[in-house]
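To keep things simple, chains are lettered A, B, C and D as they appear, and every chain counts its residues starting from 1.
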Amino acid sequence: MTEFLSVNQLVCERDERLLFHGLSFTLNSGEILQVTGANGSGKTSLLRILATLTEDYEGEIKFAGELIQRVLPEYRQQQLYLGHSPGIKGPLTPIENLRWLQGWYQSLSEQAIENALTAVDLYGYEDVPCYSLSAGQQRRVALAQLYLSHQALWILDEPFTAIDQNGVHHLEALLAEQASQGRSIILTTHHQLNVPDGFIKKLDIADYGE
Amino acid sequence: MYFESWADFWAMGKHGLYVWSCYGIAVVVMIYNIWAPLAQQKRFKQRYLRQLRREAQQQ
Amino acid sequence: MVSEINAPASTVKPMLVSPGAAVWVTLCRDLRLGFRRQAELINPPLFFLIVVTLFPLGISPDPDFLAKLAPGVIWIAALLATLLAMDSLFRGDYEDGALDLLLVVPQPLFMHVLAKVCAHWLLTGLPLLILAPMLALMLSLPSQAYMTLIASLALGTPLLSLLGAIGAALTVGIRRGGMLLSLLILPLYIPVLLLGTGAVVAASEGLPADGQLLWLAVLLTLGLTLAPFAIAAGLRITASG
Amino acid sequence: MNWTWFHKLGSPKWFYEISSRWLPWLVILTILLLVTGVVWGLAFAPAERFQGNSYRIIFIHVPAAFLAQATYVLMAITGGVGLIWRMKMAELVASCCAPIGASFTLLALLTGAIWGKPTWGAWWVWDARLTSMLILLFLYLGFMALQASIDNMKTAARASAVLALVGLVNIPIIKYSVDWWFTLHQTASIKLTEKPAMPAEMYYPLFICLAGFYCFFTVVLLLRLRTEILHREHKTGWVKALMSNKR
């Protein structure tokens, strides 16, 4: 259980409204942090801060003991960020989408991508342009990255939206398996995660609010 | 005084129109620059005083 | 395939991709995207053609008069065509979330931005370059000025794309940012327009035009080195907004 | 790190108190300088050999043109400081500079055009200086339009700071390309009355007017800054206290 990420006294203000202050937690490798809170309470802002998308915050974030601003390339190499909108390009096929989504981090074999797509049961849709897929299927193309990614930290914003029932089971099984192998995961979701609670750590934004 | 009489001063040797229109525009721009922030300040003050009074009533 | 990941993640160093390869991925993706949307690909050259045909109809078809007008007309039409195509540079990525992914890549952002602008230029700037001689023919530009026209456009249109990309990065977060983009960027286009038309006018009068072309090359190198940083800063600011 | 001291310098409350003390003196100095400069220039300076009295417009046109360019440089630099060190005061100064700079650019443009009528015979002449001034006005309008169209105040300030910096890098390029373009297309009538040589009696009122304009700019900037500070800090205690006791 090495300490992967430590956040202390984080303050975030958005349009003159104080979202949260004094927010602190540590995330060890092999842990799942579930961030809960009402809509608009700052969950997405917290995730965007952790994904180094924005620097509009006060407080310290340390990655492996080092201030994040100093080790930005290494941190970003180790992080996979899945935002609200999955970032899937309509005219491109799932294979082409996955090739560039993961292409910045590692070189991929054709076989690896196909296996990832079958893992999110998109078998047979490999070379269909994504605009003809449903929203749920497009999200699953983005989720297929999880089967390919080597990164040590996953930051997932509402990964379960528009996913059907057995897709949710698959994803929960994957998260539990990856956490047991030392990957740390931060995610926001509304529904109750049934994952062995050895890994789960909850953080409610509301108790750091105004 | 370079000009003999006031009439000469206003006429500016047949360039009066141009010179005085320029100075007129300059005065207008200066007054606008002074008036705009003060008017805005008055508007903000009224809005916040009303807000303060509303908050005072709520308590 | 699953066995590959069972070693604890933090110890397995992923096969690192060299920055060049990562930038190549962005470039290929944008080019593939551009070619998949044939309909949008035809717009800039078509606009360029239509705007130039307006001038003989609007002013006068007399060849000598048009010859004097030709450099300015072609350059202004190329400038407006580039400006119109600028809005689509980041707009698509911003709307479907791909821009956020681009902002957290391990490689320096200005490299990817340079790749995107280069892909955008290949899709919108290059067709203007190919079409320009035909339009010069229509506007009866003196034949000795053709090479200079192509040279000035070859140096000028990438510079227009770079400067326009700065405006696109700043206005991508704004709902109807297209109109605002032209207000922000047109003042910056003026030196390029003056040098470009100056070169072609000098060439059509038989005078040497390499002075203007060299200055265009100077501005292009300045743009290539400084603009990507401004674009990257603009994107980061828009994303944190 | 030493920037905490630098940050204290930028705290709005401290700035508001300092400006309350300095503002009255500045206003008196501005009135003094402007009155003496204008009266001296208009009434006592001798007429110019070629242009007669129309050259007296110079006492407004030149200070306004200087101020327009100086304000843009100040705007770009304070915007840059606000962008790099995230200083709230620097961002405020940059956003307050823009309207003042734009108004002075407009003043310089109008007075330049009106001055052109008696000397060059046309209301608008594509003279190098006037054209550069017109482009500077577009840069100001672009800055203000960008600032107004982004809702989040912090992003608006930082996005327009980037634009101001890009504009600053381009100003010399625009200036030289316009000058080069102008000398290429120079029509005969303008070449005749190039910059008139200025005898000493005309320089003194010009310098006084220039100083007066700079003081006026500082006064107006302080006014705008104080308004902006009250607006942005209205939630803080000291602004509430200030508001309630000042009727």
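Just so we're on the same page, a residue touches a chain if its C-beta (ideal position, glycine included) is under 8 Å from a C-beta of that chain, and two chains touch if they have at least 3 such contacts.
Labels paired with UniProt names: A = Cytochrome c biogenesis heme-transporting ATPase CcmA; B = Heme exporter protein D; C = Heme exporter protein B; D = Heme exporter protein C.
Just so you know, these numbers come straight off a predicted model, no measurement behind them.
Enquirer: Which chain has its C-alpha centre farthest away from the C-alpha centre of chain B (Heme exporter protein D)?
Expert: So the chain farthest away from chain B (Heme exporter protein D) turns out to be A.
Enquirer: Going by the touch criterion at the top, tell me which pair is linked by more C-beta contacts: C-D or B-D.
Expert: Spelling it out, more C-beta pairs touch across B-D than across the other pair.
Enquirer: Take the average of all CA coordinates in chain C (Heme exporter protein B), do the same for chain D (Heme exporter protein C), and state the distance between these two points in whole angstrom.
Expert: For chain C (Heme exporter protein B) versus chain D (Heme exporter protein C), the centre distance works out to 33 Å.
Enquirer: Between chain A and chain D (Heme exporter protein C), what distance separates the C-alpha centroids? Give it in angstrom.
Expert: Here chain A and chain D (Heme exporter protein C) have centroids separated by 49 Å.
Enquirer: How far is the middle of chain B (Heme exporter protein D) from the middle of chain D (Heme exporter protein C), if each middle is the mean of its Cα atoms, in Å?
Expert: Centre separation, chain B (Heme exporter protein D) to chain D (Heme exporter protein C): 16 Å.
Enquirer: Need the CA-centroid distance for the pair chain A / chain C (Heme exporter protein B), whole Å please.
Expert: Result: the chain centres lie 34 Å from each other.
Enquirer: Mind pulling the residue numbers of chain C (Heme exporter protein B) that touch at least two other chains?
Expert: Correct list: 240.
Enquirer: In chain D (Heme exporter protein C), which residues are in touch with two or more of the other chains?
Expert: 152, 154 - these are the residues of chain D (Heme exporter protein C) that touch more than one other chain.
Enquirer: For chain B (Heme exporter protein D), what residues touch not just one other chain but two or more?
Expert: Touching at least two other chains: none.
Enquirer: Which residues, counting only chain C (Heme exporter protein B), touch chain D (Heme exporter protein C) once they are in their complex?
Expert: 166, 170-171, 173-174, 177, 180, 183-184, 186-188, 190-191, 194-195, 198, 219, 226, 230, 233-234, 237-238, 240-241
Enquirer: Write out the stretch or stretches of chain A touching chain C (Heme exporter protein B) in their complex.
Expert: Listed in rising order, the residues of chain A that touch chain C (Heme exporter protein B) are 2, 4, 29, 48, 51-56, 73-74, 76-79, 81, 83-92, 96, 99-101, 103-107, 111-112, 115-116, 129, 147, 150-152, 178, 181-183.
Enquirer: Provide the residue numbers of chain D (Heme exporter protein C) that touch chain C (Heme exporter protein B) in the complex, in ascending order.
Expert: Answer in residue numbers: 83, 135, 138-139, 141-142, 145-146, 149-150, 152, 154-155, 158-159, 162-163, 165-167, 169-170, 173-174, 176-178, 180-181, 184.
Enquirer: Inside the complex, what are the residues of chain B (Heme exporter protein D) that reach chain D (Heme exporter protein C)?
Expert: 1-3, 9, 12-16, 18-19, 21-23, 25-26, 29-30, 32-34, 36-38, 40-41, 44-45, 48-49, 52
Enquirer: With touch defined as at the start, can you tell me which chain D (Heme exporter protein C) residues reach chain B (Heme exporter protein D) in the complex?
Expert: My answer: residues 38, 42-47, 51-54, 56-57, 60-61, 64, 99-100, 103-104, 106-107, 110-111, 114-115, 117-118, 216, 219-220, 223-224, 226-227, 230-231, 234, 239-240, 243-244, 246.
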